[in-house]
Every structure is written in structure tokens, then in C-alpha cells.
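Below are structures written as C-alpha cells.
Presented sequentially are two complexes of chain A, the first with chain B as partner and the second with chain C.
== the complex of A and B ==
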């Protein structure tokens, strides 16, 4: 093919709109997160004032921020471990066993993933409602006396949040694991079965090692998406309450930067959480490194 | 003897996995079905047992949600924003993905790398800088034209949606384009077709399955999105998208207790995604593993 000016014009015309939009709405705002974290800007002051690392220094002694980070880390650890275990086991059952209605179960399990978090939050609010909620009335029925647990109260709100987040995530990861498990050759299980290896041995000796690459990828997803999903759930379900008991890092960022108009301070939180999620992903990636197995 | 012992353990195991599968299926299916049931209950019924069947078919809830709670108007906004964003996304991303994956030009590696990097930028971090950019833009427009139009504008919202979906979409489409043989273009060029004609007439039709996957995923994420919509459509009396309107209704519901309207509103948000899901569920779960990077 000749390389004339027509060719470069074509390339330019095709790529330019995408590059332009990407620059304006993603690259510049991302740079701004980091730049603004070094400034003080509020809704009332017109000019930005350079304050260096003052915002970050203030964060270190901000109890609300520390609490929101603790909550975030709690969610990352618990939601990841529980969802991971359930998704893996259910994926193994649905791919390895002869189950009637296998397709039906897969379809049902994936439903939460297509619902808006607003819808899921409203559903869980109806479940957790103290007086007329599904959960309390079910417990009353089972125990024979009136149960009125405050599921969104200060002490249990995090647990309630965790349950909702796991409910949302299981299907997504299960389908991911099912896809990679389906590519493990059947013959490996057959020969292992002849050698007398049971289901559990097969799961740990064949399935897990062979889908390890996929598991590592999903662990990174877990970290990044739990940080984001926690924000969406908190925003729609609890608004961080009661008394900040369910505040997470990004919801605190949003509160400071948008509701409170302390833009610089909010962006310092954003920058820190961004770096934190990257650091943690890199760490997990390093710790889980194994020689990839061929099959 | 040994044989019967083994088979009874086997049977116990089968029972156990079915119980586990059915429990999870129920825990997902029942809350969703419950919302549909609650959406036709009269308000007074919400103070009784939440598990009671609706006394009648109280359709008035939907009329109230549609009119009084302005859900009809919000629905129209959501349809417009989603359709417009999908249109912009396809028009911008398809040509860009095509040249980025199939043409050699200077800066191509760099562009591919920054779009890849864009996969790791989540909108939750950059939503406030985008908001501030639009605020500044409006101030500037106010200075020269007397009025700003960037905030509370559903066209701008669609543009932001499309832009933030670019990295994932280009990643997915490029992956498909790069698997095609170069012979297709060579043949078209020999027949005298230009670059543009070859791209639109030959390559895009071949990419139809990937394009459908792109539309499906982005439809779900645009339709369900509410953080950006809530931030950029900030006028309390102005237009909103359906999830944002719904979230407002959940918050108002705590004081006004308009349960019926709330659940009718939830059904309105869920129904389009559920219908779509039932029609294309296989394609969706397959497509997910193809471009599984969307956390």
C-alpha cells in the first residue's frame, strides 16, 4: 500500500476525536486530581492557593478519614475473601458436576450484576428495615418473638453492607471462573480420578493451579472494584451514616470535595486512595506470582 | 458393602450441593421478585407483614411514580442520555480502534499505551475535577456569552459517559480488529476502495459481534450509572436520570413513606435491563470473559 498524505489524513481523522475526548474528560481530570491535592480551593475563594503537602498532613490526623480507610480495608479483605471462596466453589460445582438446570443457576446468579447499585441498595433497605423489613419479620417468624434489630445501626451497618456487596459480586466472579475452568482439559480429571484422587484433591491439585493466572487477575479486580463499589453502595444505602460508621474512603472524598466544597482536601484523599489501590494491587500481584502451568 | 457406603456418601454430597445452589438462587431471586410484588401493594399494606401477598393489583403506584414522582420524565432523560452516549461512543471509538490496531504510524504505541492506562482510571476519582472543569467553563461562557450551558445539560452528560467508556471500548474492539487478516483490506484497495470505504463497508460489518458486546455492556453501565449524573445534573429542580430520581425517592421515602411509588419506580429501572438480560444472557456472560477487565 502506498503511504501518501491521504493515509496519514485518514489515520488522523479516525484517531483525533477519540484522543481529544479522552484527553479532555480523562487525562486532564486525572492530572487535576493530583495537582489540586496540593492547593487550597473552595467554592467561595476564587483563586487557588498553593499549600504543598498541607492537605496530606491534615489527613493524617483526620479521625474521620482514618476511620473511612479502616472501613475500606475491612471491606476489601472480607468482601474479597468471602466472594472469592463462594464464587470459586460454585463455579467448580457448576462446571465439574452434572447438575440439572446448570444454565438456570448461572442465569440467576448473574442477575445482581445487571442491576443498578441504586436498585440493589433499595432492595437491601427493604430487607434491613427495622419494623417491616423482610429479614426482621423472617427472624420473628422463626424465633416466635418480635425481632427488631437495627441492621443499619452503628454496630452492624458494616456487616449489612458487606452482605449486600457480596450478594452483588458473587455471580460476576463465578462466571469468570467458570469460563477459565471450562478450558481445563477433562482428561486431566479422568486420569486423576483413576489414580484415586477425590474431588477436593482434584480441586486443589488440578483446578486451582491451572486457573491461577485468572485468579491473580481477578484479585486485582477485587481490590479496585471493592473500593469503587463500596462508594456506590454507601452513597445509595447509608450516606456514610450513622455518625460516619459506614463512611468509606471515596464517599468521604466525595463528601469533602463536592458536598463540602473543600476541593483541594477532597482531591488529596482521592490521590491517596488512588495510590493506595495501585500499591495494594502491585503487592498482591507480587505475592501471588507463580510459574504459569501449561496444559 | 464398600460400594453402598460410597454411593450413600455420594448421594449425601449431591444433596448438599443442590441445597447450596438452591439457597443461593433463592437468596437472589426472592428479593428481586419481592420488589415486583411490592410495587402493586397499597400503601397501607406496607405496615403489615412484608411477606403477605398483595391484596389487589394496585396499578395506581405506577401512575403516581410516573407522574407525581416525575419518573416518566426521568425515564425519557435516561433513554436520551443512554442512546446519545452509545451513539457518540460508537462513532468515536470504532474508527479509533480500527486505526490503532491496524495501521502503522508514529505515536501509535504511545496512544495504545495511554488508552490502556485509561482502563485503570475510575470515574469515581475524576468526577469532581470534571465537575469543576465544567463550572469553570460555564463561568467563562458567562463572561463572553452571558450564560453557561455545560452543567445540567444531558448532552454534556452523554459526552462524559462516552469519553469515560472509551478505554474499555477501544481495548475490546482493538482486540477483535487485530485478529483479522490484512488480506481483506488489500483486496478492497485493489478493487479501488478508499480507506474510509474499506473501513465502513468491509471491516465494521465483520466486527458486528464485538460491536454488539460493546453496546450491551455500555448500555448497562450508562443506564445504571448515577454518580456522574448526580454530580453534573446538580440543579435540584432540573432534569435527572432515572437512577438519580430513584435515589432521591428512597431518601424522601424515609420521611414521606411513599413505599408504593418507590417500588414502582424500582420496577421501572430494573425492567429494561432484566428484559435485555433475559434476551441476551448467553452473549453477555460470554462477552464478559472476552473483555473481562471491566471491574
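== the complex of A and C ==
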């Protein structure tokens, strides 16, 4: 008995520092965001006024917020699907097939991930430049007439963002999938091959089911990182413009909290985005739940 | 087993100790502050934004202030000043004097204005400039302390000190105008004629760096259309003002200008690519852009068309013989409500208008070592300038009237919108044709009431 209480005290002491740090730096600030979302205040306000759910009610009729949420969802859906597909296919090719310069490709695909978002935005600014940009020059060369598409103009700016984000993300997920594909035993493929299964069948029947846990994890990553990365890309590439066409949830939150001095309103957006990403991750997790396969 | 336990205890205690070490440092910091606090007792902290003028001039001015008054100054300068002083201000630690203009993206100054968290410095105007016999109010040029930029609540009290002014107007390539033999348009009608002529040569009439530059443009336009009276009504969001004849003229001119704007402009009108729009003027792809005198230093290293020469003009008049206006852009220095040493802070603000300080500011050099004079709004300073600046600052001597002021401050009751979003950002969509003039005006009217109801009185 005495030993038991000594042990639990020991465990308590061991866990205490970590729990304390977690409380101070994670739990309390998060609660604070929710608390501040119920107030009308600026970032440096001495006084704050309790307004209840007014901020949230206002959000529901704020066209700009709705547009920024639409943009965020568009990014999550399109970037996830396209990146997921490309990363899986590239990973399968690089692990399963014997091609020359495998390592070279691996590095090439991974490089965008090492670059900072600011560098990537600078690269894409050069690509998207209307007058001297690579993309328009290439299109002009191919079509034989001068192409002057405004890649950062109101109508196509989201597409341009999506392309840049996919380019940046593929390498990271590819390496993750490669790691788990490499641990799938070779013997499974051999016996499947003897049974007459082609490469595509092998991919869908063996590779995919066996790396399923990994895929589920990355899907959550996709949601969280797209929401976060979108903010960086928008900040560095378009500042939300032209006229708010490329505003995403977090950049809109930042704008409200600081530029418009509506800190409480910004926090309300933060709270909603928090719940949204939490809910979406939970949903995806639930939908993709399968009995894990052992090999 | 026992060994393992001892090891775990050791590890945990190491972690705990290191955690408290973190706290310990925190406690140490104020202790240090205290020890240096003795010398700091009469000292002040000055936070100044580093802009195109560089930060050297601030060091010099602070040193001169200490020499004159014996008050020690701790100087903070940074290009992203908000990020440097913001966190400590949220924790309740304020600099004594902040030099940071309105109109920045993070809008820190606007936030303090809305919160009414700025010290009234009306009494500074009747203070004697340290080391001189003149009063501050007598040195500052006329009009500067009567605008809504310095007296945001319209109650006759001054809260923000006017700093570094710069005439804004339309910048163009004077060399190109000469080469083509084009006359400077005196009215908007002549402007459109010039636009058509230029179009034939493949040159667009107009471009703008970002929609943020439209504030100075639009203010000057409002002045030239309806004079100070209309400007005051409009910037105080008077009811029905945007249905008036004057407002309609302003909207029509901007909309027409949008149709003459270089088509790539909106896609580059962001904080990253705006220099590409400025480059359009240097490359003779666009004729005019709204800007300020800092443009010369900002684009000093940029390639340019042969024979390029900076020119600047006030906004054309609306009718023949009408007034033409040039907006006077200036920055602000202010004392936050939480400043601890407000008396010395006021002394410092007064010192900013001393001959010594003006001279140091005017002798500023930017980070590349190029001269970038910061001009204080004191009487008679324009006579001492040279080169391009003589022409720029001489604009008011050449018939243009000075437009000053901005939209009146509203309190935190206005949530979710800002003047820039409502008035100026839609110009991007006007140019690209995604909205019509009516939709733009509709958006303005929709938000005008909200702002009027929450005006700080």
C-alpha cells in the first residue's frame, strides 16, 4: 500500500513539469482565445466590453468571412486530393520500380519543402509575372501569340495559389509514403506476382491497404497544414488581394485582429477555425477508420 | 531497479530545475531593469519605425536630446516596429514616445486612436523648444496641427505630433512628356485626351502601386471637387453625402481612371509586387501614378527608360480654372497612455522641432548610404532643399493647394471593416472589371452609416 502511494507520487512528480508547461503554453492560451472572442476589444485595449456571441453572429453575415472560408475549404479539398494522388504515385514509383537516379528524384521532390515560403513566393512571383513571367512566356511560345494572363488577378489567383501549395507539399508527403511503403515485405509482392497480379492491382490490393494507417495520419496533416500554410502563402504572395479575392480564414483573422483593430472579432474567427479544423480532422478520421492490417 | 528510479528522479529534477531556471531568468530581467533603473529614472524609451529615411538620424537626434537636456534615451528602431514593441505593450510595458504613422498594415497607431489610449499633447504646442526661445506651436507650419490626423477626435485637442511631411501627387516621367511634346493636363478632361493620345503609342495613362495609395489620391480629389467643406463632410461620413453631386463626380473620375489603368496593375497591387507597378512608369508603360517623394529613393536602383526624369504634379482641376490639390502626407509621433515618463516624453516631442533635430532629420541617409532627407513640418524648411526635393516640396509654391486630413476616427463599434477595404480596395476590381461603379458606391453607402454611428466624439 505504502509502495503504491509512493509510486503514484513519483509518477505525479514525473508528469508534473510536462503537464504544467502544457497548461501554461497550450491550454490557457487556447481558452483565452475563446474568452476573448466574446469581447469587443483591440489588441492593446485597456478596457474590453463583453458582447456575448455578437462577434459570431456578425461573422455569419460577413460576406468577406464567408468568402475566406470558401477559399480555405477550396484549398483544403483541392490541395489535399491533388497532392495526395501525386505523392502516392511518385512514392510507389520510386520505391517499387527500379529507375535510374532514384535518389536524385527523391531530393528534387523534397527540395521545395526545405525552402521557406517566402522564397517559394518569390519563385512563383517570377513565374506568374504577367509581362516577363515564365508561365506567360512559355504559353506565348507554344501558342505563337502574346499571352498576358493575370495569374494574380481576381479570377485566377486561387488557382495560382493552389499550384504553388501543391508544388511545395508533394515532396513531404511523398517521403512519408515512401517510408511506410519500404516496410511492406517484398515477399507479398512476389507471391502476388506469381498469382498473376499486375502492378496496378498490387498497388491497390497490397500497398494501399498496408500503408493505410500512415495515410490516415497524413490526411489529418493535410487539413492542419493546408490551413496554416495557406496563411503564409497568402501573406507572402498576394496579401489577400486583389480586393480580398485570395483571402483565407487565417489571413482574414489576422487582418481583423490587427489591421482593423477588431481583436475580439479576430479571435471569434480563430475560435471558429479551431473548431472547424478539429471537427474536420475528427470526421476524416472517423470516415477512414479500418481494421489495421498486420504483415 | 533502484538505479533506474534514481536516474528517473535525477532526470525529472533536472527538468524541473531547468523549468524554474526559465522563470528565474524572467525574475532576473526586471531586477536588471531596476539596477539600470536608477539611471533610467529620468530616462525615456523612444520607439521609432525605420523607413526609407534609415535609422541613423534617430540615433543622432536622441543623442542630441540627451546632450541638450541630460535625459537619457533608450532608442528602439525597427522596420517592423509593431512586432518589436507590440508584445511588451500587450504585457503593459509601453515606450514613452512612439513614432509610427497611420496607414500601416498593422494599424497600431489607428488602434491606439480608436482606444483613445494616446496622451493629449496640446500643451506641448505652447512649450518652448528645448535649447531655443521659440514655442513649438510657432515653429510648426500652419495647418499641420489642425487636421484630423493630429486631432483625431475633432475636439480641438492635439494628440499626435506631425512629423516628416511629403507632398503626394501624380509622379511621371518628365523626360517622356518632353520627348513626346505632351502638355501637362490642367483638367481631368485634358487628362482623358492625353490618355487617348498615349494609348495610341501603347502607353497606359495610369497605374498605382497598391490601393493603399488611393487614400492620398482620393483625399486630394475630394478637395479639388468640393473644397474643404465637402472633404470635412465626407470624412465625417455625413448622411447622404455619397449621393451628392460632388461625390458622384469623384466616383466618376476614379471609375473612368480605372478604365485607363494599365491592365496588369491589380494583379501586382500587393505588398510584394507593388514595385512592379512603379516600374511601369520607369519603363514608359504607364504615364502617371499616385505616390510620395520617397519614390525617388525607393526606386533609386531600378532600371529605367532612357532620358528618364522624375516629375510630379498636383491632381488636375475638375473644371477649367478650378483648384488643383496635392495631398500632404505626414507621419505622426505620439505618447501612448501607458507611458511612464510623460513629462520627459513631452520634452522629447518638443525637441523634435528644434533647429538641431530638423537639421539631423534633413541630413538622413538611408541604408544604402543615399541621402534621404526627412523633412519636418516647420516653417521655412522648403527653402533649404536641393535637387528633386526642391521641385517636389515647391509644389505648393506653384499654385497647388495643400490637402490635409483623413477619415475621422471611429471607435471599436465598427467591427469587421476598414476605410481602405470599403473605399479603396474595390478599385482593383473596378480596373479588372469584376465590379461596376454602382456596386462600389453601394458598398460605400452600406458601411458609411456604421462608421458615422460610431464616430468618437
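The rule we apply is simple: the second predicted complex is superposed on the first by the 264 of 295 C-alpha atoms of A that agree within 3 Å, B and C clash if a C-alpha of one lies under 4 Å from a C-alpha of the other, contacts with A are read in each partner's own complex, and residues count from 1 in each chain.
Here is the rule we use: a residue touches a chain if its C-beta (ideal position, glycine included) is under 8 Å from a C-beta of that chain, and two chains touch if they have at least 3 such contacts.
Given the structure is predicted, the values throughout are model-derived calculations rather than measurements.
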Checklist entry - In the superposed arrangement, does A:8 touch chain B (first), chain C (second), both or neither? => result first
Checklist entry - Touching A:42, do we find chain B (first), chain C (second), both, or neither? => result second
Item to check | Partner chain(s) touched by A:233 [first = chain B, second = chain C, both, neither] | outcome: neither
Checklist entry - Does chain B (first) or chain C (second) touch A:107, or do both, or does neither? => result first
Next on the checklist: In the overlaid three-chain picture, which partner chain does A:33 touch, first (chain B) or second (chain C), both, or neither?
Outcome noted: first
Checklist entry - Which holds for A:84: it touches chain B only (first), chain C only (second), both, or neither? => result neither
Next on the checklist: Going by the contact rule set out at the top, does A:267 touch chain B (first), chain C (second), both, or neither?
Outcome noted: first
Checklist outcome for this item: Comparing chain B and chain C in the superposed model, the one touching more of chain A is B
Next on the checklist: Touch test for A:258: chain B only (first), chain C only (second), both, or neither?
Outcome noted: both
Checklist entry - Is there a shared patch on chain A that both chain B and chain C touch, and which residues make it up? => result 10, 13-14, 17-18, 21, 121, 125, 129, 236, 258
Checklist entry - In the complex of these two chains, what residues of chain A are touching chain C? => result 10, 13-14, 16-18, 20-21, 40-47, 49, 55, 58, 62, 64-65, 121, 125, 129-131, 148, 150-155, 157, 236-244, 256, 258-262, 264-265
Checklist entry - Residues of chain A touching chain B in their complex? => result 1, 6-8, 10-11, 13-15, 17-19, 21-22, 24-30, 32-33, 36, 86, 90, 93-94, 97, 99, 104-112, 114-119, 121-127, 129, 132-134, 137-138, 167, 170-172, 175-176, 179-180, 199, 217, 221, 224-225, 228, 231-232, 235-236, 250, 253-254, 257-258, 263, 266-267, 270, 273-274, 278
Next on the checklist: Which stretch or stretches of chain C touch chain A in the complex?
Outcome noted: 5, 8-9, 12, 15-16, 19, 82, 86, 89-90, 105-108, 110-112, 114-115, 117, 210-211, 263-264, 266-273, 276, 337-338, 412-413, 415-418, 421, 425-429, 432, 434-435
Checklist entry - For chain B, which residues count as touching chain A in their complex? => result 13, 17-18, 20-21, 24-25, 27-29, 31-32, 34-35, 38, 46-51, 91-93, 95-96, 98-100, 103, 105, 111, 114-115, 118, 120-122, 124-133, 159-160, 162-164, 166-167, 170, 185-186, 189, 194-196, 199, 220, 223-227, 231, 243, 246-247, 250, 262-263, 266, 269-270, 273-274, 276-277, 281, 284-286, 288-289, 292-293, 295
